[in-house]
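Letters A, B, C, D, E, F, G, H, I, J, K, L, M and N mark the chains in the order given here, with residues in each chain numbered from 1 onward.
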Amino acid sequence: MDSTTLIAFASILTAGFTTAIGCVAPALAEGKAIVAALQAIAQQPDASSTTTRTLFVGLAMIESTCIYCLVISMILIFANPFWNHIIAK
Amino acid sequence: MDSTTLIAFASILTAGFTTAIGCVAPALAEGKAIVAALQAIAQQPDASSTTTRTLFVGLAMIESTCIYCLVISMILIFANPFWNHIIAK
Amino acid sequence: MDSTTLIAFASILTAGFTTAIGCVAPALAEGKAIVAALQAIAQQPDASSTTTRTLFVGLAMIESTCIYCLVISMILIFANPFWNHIIAK
Amino acid sequence: MDSTTLIAFASILTAGFTTAIGCVAPALAEGKAIVAALQAIAQQPDASSTTTRTLFVGLAMIESTCIYCLVISMILIFANPFWNHIIAK
Amino acid sequence: MDSTTLIAFASILTAGFTTAIGCVAPALAEGKAIVAALQAIAQQPDASSTTTRTLFVGLAMIESTCIYCLVISMILIFANPFWNHIIAK
Amino acid sequence: MDSTTLIAFASILTAGFTTAIGCVAPALAEGKAIVAALQAIAQQPDASSTTTRTLFVGLAMIESTCIYCLVISMILIFANPFWNHIIAK
Amino acid sequence: MDSTTLIAFASILTAGFTTAIGCVAPALAEGKAIVAALQAIAQQPDASSTTTRTLFVGLAMIESTCIYCLVISMILIFANPFWNHIIAK
Amino acid sequence: MDSTTLIAFASILTAGFTTAIGCVAPALAEGKAIVAALQAIAQQPDASSTTTRTLFVGLAMIESTCIYCLVISMILIFANPFWNHIIAK
Amino acid sequence: MDSTTLIAFASILTAGFTTAIGCVAPALAEGKAIVAALQAIAQQPDASSTTTRTLFVGLAMIESTCIYCLVISMILIFANPFWNHIIAK
Amino acid sequence: MDSTTLIAFASILTAGFTTAIGCVAPALAEGKAIVAALQAIAQQPDASSTTTRTLFVGLAMIESTCIYCLVISMILIFANPFWNHIIAK
Amino acid sequence: MDSTTLIAFASILTAGFTTAIGCVAPALAEGKAIVAALQAIAQQPDASSTTTRTLFVGLAMIESTCIYCLVISMILIFANPFWNHIIAK
Amino acid sequence: MDSTTLIAFASILTAGFTTAIGCVAPALAEGKAIVAALQAIAQQPDASSTTTRTLFVGLAMIESTCIYCLVISMILIFANPFWNHIIAK
Amino acid sequence: MDSTTLIAFASILTAGFTTAIGCVAPALAEGKAIVAALQAIAQQPDASSTTTRTLFVGLAMIESTCIYCLVISMILIFANPFWNHIIAK
Amino acid sequence: MDSTTLIAFASILTAGFTTAIGCVAPALAEGKAIVAALQAIAQQPDASSTTTRTLFVGLAMIESTCIYCLVISMILIFANPFWNHIIAK
């Protein structure tokens, strides 16, 4: 098992599981936020514009944590400095 | 166990489990969102259009985290830069 | 343990467990959605058509995450590019 | 440990545990759905026909995820392409 | 450790644990369904015939997931194609 | 470690743990069912005959999943086809 | 490590843990049943005879799952066919 | 590591952990039963004799599962047939 | 690693963890019992003598499961038949 | 790794973790007891003497399980018969 | 496996999982905060400005813990002193 | 790996994790006690002196379990009899 | 694997996971504190200044535990005495 | 792997994880305490001085368990007697 293979091996595993684990919590959190938004609409239909705006800001914040993981995965697949160093050698 | 085999081994495992783990949370979150939507409809049948619209936007957001994992899996199966590097060698 | 065997080994394991893990959450989520639908019908029998329609759209969304896993499993069993590369060699 | 043995080993383990794990969630989800149906009947005996119909559609949807796992298990036992390739060799 | 032994080893382990794991969820789900049925009878003694019928249909559905696991176990013990192939060789 | 020993080793372990794991869920489920029956009797002493009959049918259904595991254990100890094949050889 | 030792090793471990694991759930389930019986007596002291009878039938059913595990343990210690075969050889 | 040592090793470990694991659930279950008894006494001081009697019968039933584990442990330490066979050899 | 060392190694580990694990559940159960006693006293100060007596009997029963583990630990440290056999040899 | 080192290794690990694990449950249980005492005082300030006395007796009982673990640890560190036997040899 | 490879291996794994694990809790916490904000708006639409301001300050605090993990990951990928030392050698 | 190193290795690991694990439960328990105290003060501001005194006694009791772990850690780092024996040799 | 590599390996892993694990609890705790603050504002808009001040003090206390972990990570990456000792050698 | 490396390896790992694990519970406990304080202020704004004082005393107590872990970590990094003994040799 030479260096190239090992780096590729680690990058593939890490890229996959980082995204997989990193999507668990945002999905659950978004689900809860949407549940709360639907309950708020059912409780006060008049404030639906404020509710919707707060919901979208919140979803964007939560989605950002998910994006961080995706970014790390993409860096590990397409812009991995360790891989570049190894194959340049 | 040569390099080609190991990279293929890692890619297969990661592709499968990334999608499998990445689908757990979205499915649960979508379930909760639909539960909340059904309760909101039962509580306020008049606001069903707002409820449905918010539900669909929310489901799309949650589904997106699931799609990220599927995309990573598909990249690992069909557009894997490490695999391409190894078999090109 | 030659390459062919290892790739087959990984594909079999991954195909099985991807579907197995990927079916846990959708089944639970569908169960919750149906529970909510039954409660909504019991609470407001008049809105049963809206309830049923929302339920079916929701079940389709949840089932989709389950189908993704099944698709990955099927690709790994019947259209596995790594396996094809190995046995073509 | 030659190739034939290893493929058979993996197929047996995967076939068994795929069905075992894949039956956990559907059983629990069906249990919850039946609980909700029984409560709905106890709460509104008049809507029992709608309740029963929704329950059966829901049970069929949940059972489908269980069937997917069984299908994968059966494919791995009786129509396994990797096994066929190995023993044909 | 020759091939025959390994296949037998895997078949015994898988057969036992498939049934063991596969019986956990149905037992719990049946327990919940019976709990709900008893509560429904206590709440509405008049609808006990509908309750009982729904309960029995539900128990049959849940028991089916348990039977799938038992079937896989029995196939692995008494009609195992991999075992038959090995001992025929 | 010859074949006989390994098969016996696997059979002993599997027989024990199959029964042990397989008894967890039925015991808990029966406990819940009895709890519900006692509450139903306390709530409606008049319907105690229906309650008792439903309870006994339910306990029999739950006990059946436990019996499946015991049957698999007994087959593995006293009618194990793999063991018979090995010691006949 | 000869065959006799290994079989004895497995039998001791399995016998102990089968009983240990198999006693967890019955103890908890009996505890819940007794809790429910005490609450039922506190709620309806008049129906204490029915309560007590149902409790004892239930405790016997739950205890039976515990006894199954004890029986398997005792068979493995004092009537183990694999051990008898090995030491007879 | 000769046979005597291994059998002693397994017996010590199993004896200890069987009792340790086997005491977890009875202790918790007895705690719950006592909690329920104390609540029942606080709720209906007049029925304290029935409560106390049911509590003691229940504690005896729960304690029995704990005793089974202790008995297995004691058999493994002081009347272990495998140990007797080995040291007699 | 000779026999004496291994037996001592196993005895030390088992003695420690048996007591450690065996004290978890009794401590929690006693905590719950005391909580219930304090609530019962706050609810019915007049029945404090009955409450206290039932509490002490219950604490003694729970403490007994803890003592069993301590006894096994002490036997393994100070009256271990396997250790005596080994060092006598 | 000679005998002295291994015995010391096991004693250090066991002494530390026995106390660590053995302190988890008593701390939680004492926390719950104090919570209940504070609630009882807030609910019935007049019975604070009875509450306090019952609390202190209960804390002593719970602390005793913690002390057992500390005693085992101290025996293993300062009065370990296995260690004394080894270094005396 | 030389030094360069091992350091790269560890850096890739750690960078990925640090971000993945570090995003779980902030996402869940932000979800809860947004749920509370939506409920507060539904309960007191008049105080929506105070609610929104407190929400945003809180989201920033929670996001900071997520950023710490991302910073550690980025340091490990792009400014890793151990990697620099190794490749400088 | 000589004896000195192994003893130091075990002592470092055990000292750290004993304190780490041993601080989990006391911290949570103290948190609950303080929560209860704050609620009691909010409910009955007049009994705040009794509440505060009971809280401080309780915190001292809980803190004691934490101190036990710290003491064991300190003994293992600064007064370790096994280490002293080894380095004296 | 020489000393330098191993120390770097351990430092990278520990630095990453210390921050990752150490950020889980503060994020959740801050989320709960913000939830409580939002509920307090919705319940008593008049006391919002006291609420906000207490919230900020509390967030600072919670954030401090997170900072401790970050500090340990930074020390391990940039001021590691073991690393300095090794590379100075 | 010589002694110096192993001691450094263990010290780094233990120092990091001791602080990481040791910060989990205090952060959660402080979060709960702050939640209770905010609720108490919202419920009784008049007693805010008593509430705040009790909160700060409690936070100090909880923070102390966190500090113990940090102290152990710092001792292991900067005043480690085992490390000093090894490098002095």
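Keep in mind that, in the parts below, a residue touches a chain if its C-beta (ideal position, glycine included) is under 8 Å from a C-beta of that chain, and two chains touch if they have at least 3 such contacts.
Please read these numbers as outputs of a predicted model, since none were measured by experiment.
Undergrad: When you check each chain against chain B and chain F, which touch both of them?
TA: Common neighbours, chain B/chain F: none found.
Undergrad: Between chain B and chain L, what distance separates the C-alpha centroids? Give it in angstrom.
TA: Result: the chain centres lie 43 Å from each other.
Undergrad: Approximately how many whole Å separate the CA-defined centres of chain D and chain J?
TA: 47
Undergrad: Measuring from the mean C-alpha position of chain I to the mean C-alpha position of chain J, what distance in angstrom results?
TA: Centre separation, chain I to chain J: 11 Å.
Undergrad: Mind checking the centre-to-centre distance between chain E and chain H? Centres are C-alpha means, answer in whole Å.
TA: Roughly 30 Å, centre to centre.
Undergrad: Which residues of chain D are in contact with two or more other chains?
TA: In chain D, the residues touching two or more other chains are 1, 11, 13, 15, 17, 19, 21, 24-26, 28, 30-33, 35, 37, 39, 55, 66, 73.
Undergrad: Classify the chain contact graph as line, ring, star, complete or other.
TA: Contact map by chain: ring.
Undergrad: Quick one: ring order starting at chain D, direction chain E?
TA: Ring order, starting at chain D and heading to chain E first: D, E, F, G, H, I, J, L, N, M, K, A, B, C.
Undergrad: Taking the touch rule as given, give the residues of chain B at its contact with chain A in the complex, in rising order.
TA: Residues in contact with chain A: 1, 3, 6-7, 10-11, 13-15, 17-19, 21-22, 24-26, 28-33, 35-37, 39-40, 43-44, 46-47, 50-51, 54-55, 58, 61-62, 64-66, 68-69, 72-73, 75-76, 80-82, 85-86.
Undergrad: Inside the complex, what are the residues of chain L that reach chain N?
TA: 1-2, 4-5, 8-9, 11-13, 15-17, 19-21, 23-28, 30-35, 37-39, 41-42, 45, 48, 52, 55, 59, 63, 66, 70, 73, 77-78, 83, 87
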